[in-house]
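I'd like to ask some things about the structure below.
The chains carry the letters A, B, C and D, assigned in the order they are written, with residues numbered from 1 in each.
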Amino acid sequence: MDFEDSPEEARFRAEARAWLDANAKLKTARDAGDPLGEDDKTSLKAAKAWQAKKAEKGYARITWPKEVGGLGGTPMQQVIFNQEEAKYDVANTGAFAIGLGMCIPTLMAYGSKEAIARYVKPALRGDEIWCQLFSEPAGGSDVAALRTRAEKDGNDWVINGSKVWTTGAQFSDYGLLLARTDPTVPKHKGLTMFYLSMKQPGVEVRPIKQASGASGFNEIFFTNVRIPDSQRLGEVGQGWQAALTTLMHERLAVGGGTGGALDVPQLVQLARELELEDGPAIKNAAVREKIADWYVRSAGLKYTTYRTMTALSRGQQPGPEASIAKIVVASKLQDLSAFAMELEGEVGALTGEDGVENGAFQMGWLGAPGLRIAGGTDEILRNIIAERVLGLPQDIRVDKDVPFNKAPTGK
Amino acid sequence: MNFDFSDDQKMLKDQAHKFLSEKCTPKTVRGVYQSGSTFDRALWKQIAELGWAGTAIPEQYGGLGLGYLELCVIAEELGRALAPVPFSSTVYQFAEALLVSGSEEQKQRLLPKVAGCEIIGTLARAEGPGAILPKNIRTTFRNGKLNGKKTAVVDGMDADYAVVLARGSDDAGERGLQLALVDLKQAGVKRRAQQSIDPSRAHAELTFENANAEALGKQGEAWSDLNRVLDRAAILMAFEQVGGADVCLQMAKGYAMERYAFGRPIASFQAIKHKLADMYVGNELARSNAYYGAWALSTGARELPLAAAAARVSATQAFDFSAKENIQTHGGVGFTWEFDCHFYYKRSRELGLALGPQRVWKDKLVTQLELSNAA
Amino acid sequence: MDFEDSPEEARFRAEARAWLDANAKLKTARDAGDPLGEDDKTSLKAAKAWQAKKAEKGYARITWPKEVGGLGGTPMQQVIFNQEEAKYDVANTGAFAIGLGMCIPTLMAYGSKEAIARYVKPALRGDEIWCQLFSEPAGGSDVAALRTRAEKDGNDWVINGSKVWTTGAQFSDYGLLLARTDPTVPKHKGLTMFYLSMKQPGVEVRPIKQASGASGFNEIFFTNVRIPDSQRLGEVGQGWQAALTTLMHERLAVGGGTGGALDVPQLVQLARELELEDGPAIKNAAVREKIADWYVRSAGLKYTTYRTMTALSRGQQPGPEASIAKIVVASKLQDLSAFAMELEGEVGALTGEDGVENGAFQMGWLGAPGLRIAGGTDEILRNIIAERVLGLPQDIRVDKDVPFNKAPTGK
Amino acid sequence: MNFDFSDDQKMLKDQAHKFLSEKCTPKTVRGVYQSGSTFDRALWKQIAELGWAGTAIPEQYGGLGLGYLELCVIAEELGRALAPVPFSSTVYQFAEALLVSGSEEQKQRLLPKVAGCEIIGTLARAEGPGAILPKNIRTTFRNGKLNGKKTAVVDGMDADYAVVLARGSDDAGERGLQLALVDLKQAGVKRRAQQSIDPSRAHAELTFENANAEALGKQGEAWSDLNRVLDRAAILMAFEQVGGADVCLQMAKGYAMERYAFGRPIASFQAIKHKLADMYVGNELARSNAYYGAWALSTGARELPLAAAAARVSATQAFDFSAKENIQTHGGVGFTWEFDCHFYYKRSRELGLALGPQRVWKDKLVTQLELSNAA
């Protein structure tokens, strides 16, 4: 048992580092310790430039085959590259994550040769950005209950309806669309997958303002949007099968990178600085209990990730941590931030520049409810663990064999 | 055994409820959020007409002299409505500080104005993050002059008067503390608006530079007086919290009944049913603890400090849980600015921090248990 | 708002006290502070004697009409009498609680004049003890899934099957039996209510040993037990309606008296006596947090009960506390005892005479899992609150309209 | 990145699993419960033949010298099986005490006997309820004579030797402490069996009256030596706890799948599904923390104290939760003597108290964070 690279891994890490040294500079302490993830604000332009650079070398998507611009590498090599890249002061390429992580893989699985030839490389280079158009007001946790209609008209499909919780739609060029082509068959059987340009007439993007004040997501409205049948991915009525691939990728994505920089170390730091009724907060037994409780959860997640990476580096399937990470992190963020605010006392009600540490814990607390919901609620994730990891039976499904337009909706 | 409010008190509650469900809808709260104003002046004016601020103020000081039980039922309704007015600062804290520590002259002079909502008052304690400790109070009050800085003062931008915890002598400890009553409309007072997690409860930093002020109560008794004020305020605020928690449960229930997923109302899923059952249990316990507090407050019972701490802790926990799980029950839409869930989430935290966090009250609670247990 | 009796209540309390003074003596401090409820061990003989005495005066069941030996009083008067009786050193009459609280009310509702004339008074006086025979191995939380068969044979019914979790069966004279008379109709429709002698051939009572080592419950086996049709209560197939009355009473009973004497005061006492790393346990901030958390739950329950009693004394329906009490008390007992054991340290693993306070917290911890299950599990109680108090819909019922012998059992 | 056990270690684990699932079934545990015996001698004899006790004992002391990772996988299997044998006292505590503090001669003399399970050893620390504090240790060790009383000594009725925390000088504090190695088979030692919440883990009170004993390690280093021993033992015991927690989840799952209520397996109800999901999450986190502990133990890493505390706290919490919710998932039958659920419930608590309660380890953990954070 050790944390060392295998010889091959070490060689790859050295290559990656050499390339990064040649193309970027290491982070300073300042950039590194950025609790609020300021770098999310890095302009899209810088992101595209860096993405293009990575793409030239095949580092943009290491596990993809060389033919489509990847490196034909292993998942572990991707992990290693990410670890190394994180040490450098480079643009945040998160804007491409959904496109490359979910949309393009679906396109590569179901798209025509021409489509693949046309769209993969530009997406990989960051020249074109993709978004995912599944969630709807009527859908939510029950994604397949979506209502956006795609009706055949000659050789075209006409799209009407709306999508919600779409990340990055405001700067996306294309979207992966799941729409209902037949409401007279059961929910999962009437869906079809398409892709479309986000820039064409009839597509309207509106930002959603969240409780926290931020606007990371969008609502999309489709009004008689025409797309050719050639932009269909997979067979008519087979959209759910395609979507499952996409969603599986999403869980990994969201599950993986969560929580942000606000965790036990920041709480320990705060506790060192504050004085309570009985002395320094860090010496208060109740504070120490909480710190320990949260630490074992954070550490447990970290080492669970190490176990997964070990599995990866042995060429095995990823472990369960993708599904447990968000359950643990989201609630911890909510509770830990609330606790920190209580340590701050009445002043804990202040935020922004007036808040302690510029309101870092207040921001965490305001964002936490969203984290407990986005990409699968705590409840949905527990269902997933129960059903997919533990193999427990599904709940009773009353809508399973009912035509979609006959299924109960309460309306 | 008559552990409930009287029919008259319930009638008063219904009236308050009717009034507020007309005059203080979520739109009202949203208005304050978006206008950037510090509170809703129109609503405050109407509350003045109803005389609510004078509910527990004796008639000889221009109040209605109804009593604390009546004030509790009004507080619950203000809590349900998240009323964006400086009621709690002015009535639960400023007025109570006058009643606890004020001289006859001070009461005669100011309480009638409070009762008529002609003035807004508040309490200024904190000078920085962490516990508020006697030894750390640096604001001074000497020869009628107040100097220093207070932070996170609720309604501090609008208050006409503040009761300020200051040091009145060289004694570095509790005995050296003095409550000072200061008119905030003077040159020696600077105010700076501070950003709050709850935009409908404005906070401010107050800076005093040789501000003219007067003593409130005896030096050396400031700390114990202050705690008596906080005990009373905690019980009244517990009713606001219980009211807010109750609305969260109703919102969550209403949404879960009408929202369908997988062909059935989400209210039929055990995860949701049990979540709401837990909210209900917590809210019931908090309500009962608040009732006991109301009894202790209205009778000035020996148990008041214990009752206040229990009401405070229980109500804070209930509102915290109901507010966050209400958002969770709503899912994505519950986290949008358009939905009202976040008003309650933010208010739950703000009320849980004003008057001091749970930790402080839990400590007070156990101290009381030790005393009673020793007796 | 006050805690005073109304004039009528005060008058009744005075009467009760006078009668108790004349017939019993006040508890000494010793009897009073009995954490382990030693008095459960009081012999049945003493219990019967005291019960008979109460019955003469109508105090055995104050809310029952005078004709059947009650006092024709109010529920509040019953509460008042119980409060006063608790101050006296009298025999524990718990052995009659189930019979008088559940069985006899059902008999009075569905029994013949003759049956009522024959059985009510002896039960009231404690001369005859009744037990309730509903639960079965196959039933559990799903009581109506019981399998014990009652088959018509001439004018008799022949009972075969077994019951479980029966309290007091070992000393019971009669039992209230819910049995299946028709397995070909849906679960709830095939049940019929009977009563029978526990002393007749074919009835075997075996104690169940619990994880705690105690044996408060029994298993009952019926082998070709014959009972006349005259011992049927209500119509054939109407047993579930009868059972609902009985069960409603049970919830109130179990919900009411719970937890026992082990609560915050005992924990505070322990914390006063023990020394931790940083000084007296009672001064430890983490200990104080826990004490406060549990205190507000205990106090909240206590005052919720006061609210219910107020409703009673105003002639209104009892409040919700019956259903919330056990959820709160059972988990609190489990957590609080476990915490106390941790304060005791390694010595916390000792029990009996070797344990701190004769292993009081160890006993509480060993019994707690049973309390979380008996009389409705935490999960069932949450369903009840959700459905009956909050009015949320039932879960999907796949066995609702299915013949019982066709319903899925996994076998 | 190679954060997993090797194939050889996994093979060893499989062998241990096969052996124990044959030789140590729940019946074996029940046997000890009902016979009133202190442990299963037949099983202990077979474990001796397998040489497990010597897994991490260097070859020059008669052990297999395999290492701690190998001992960890065996510990997990012993935990799964609730093996009623004095393994943890003898191997995790007594042997480690010898390795940490023993002289070459003492190691030569005793470790080979431990490796062959020829002797049973244990550690005696507590003298009463509450924290074990240097200043409160009243047992004395002077001129080779041990006097005093120790309580709640695991396997104390069967141990041949004990390492006893005693006071070796007049120094009333930590510096005055001395570890004493005592042969329990002598007139000066009285043993009294004590009732334990876990009948399969026998406890005893040991009384020393001028018992002959020898010093183990240097005076003044006793307290720090003891803590080093406890850190190592905590990691090994964490694997027993993780094994036990894992079995609880499997039992709960198995029962929930076959138990039907309302016409469906109870495993299809969200209340049960989410309960089991929470067990799974807790167990996974505990396993990962235990793995990190195993790495630190096997490499003697600087992080050992932090890793030990985290493994201990995480494993204790996971086993507690899984054991109690396993009973809850079973419902009534889960609380019967006939079902095996209560064996795990009782063991979870016993392991959680032996080596000291969570509180102590949480405090150690944060102390380590303060150090690392300061560094």
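Everything below uses one rule, namely that a residue touches a chain if its C-beta (ideal position, glycine included) is under 8 Å from a C-beta of that chain, and two chains touch if they have at least 3 such contacts.
All values reported here derive from a predicted model rather than from experimental measurement.
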Item to complete: Count the C-beta pairs in contact for B-D and for A-D, then report the pair with the higher count.
Response: A-D
Worksheet item: Of the pairs A-B, B-C or A-D, which has an interface that repeats that of C-D (more than half of the contact pairs shared)?
Response: A-B
Item to complete: Averaged over CA atoms, how far is the centre of chain B from the centre of chain D? Could you give it in whole Å?
Response: 51
Item to complete: Could you put a whole-Å number on the gap between the CA centroids of chain A and chain B?
Response: 40
Worksheet item: When you check chain A against every other chain, which residues touch at least two of them?
Response: 285-286, 288-289, 379, 382, 395-396, 398
Worksheet item: Going by the touch rule set out above, which residues of chain D reach two or more other chains?
Response: 264-265, 269-272, 274, 359, 363
Worksheet item: What does chain D use to touch chain B in their complex?
Response: 269-271, 274
Response to the item:
The residues of chain B that touch chain A in their complex are 125-126, 128-133, 136, 151-152, 194-198, 201, 203, 205, 258-265, 269, 271-272, 320, 324, 327-328, 331-339, 341-342, 345-346, 349-350, 352-360, 363
Worksheet item: Quick one: in the complex, what on chain C touches chain B?
Response: 1-6, 9, 76, 264-265, 268-269, 272, 282, 285, 288-289, 291-293, 295-297, 299-304, 306-307, 309-311, 313-314, 320-321, 324, 327-328, 379, 381-383, 385-387, 389-390, 392-396
Practice prompt. Note which residues of chain B are touching chain C in the complex, please.
Written response: 1-6, 69, 249, 253, 256-257, 264-265, 267-270, 272-274, 276-278, 280-281, 284-289, 291-292, 294-295, 298-299, 309-310, 313-314, 317, 359, 361-363, 365-366, 369-370, 373
Fill in: chain A-touching residues of chain C, taken from the complex the two chains share
278, 284-289, 395-396, 398
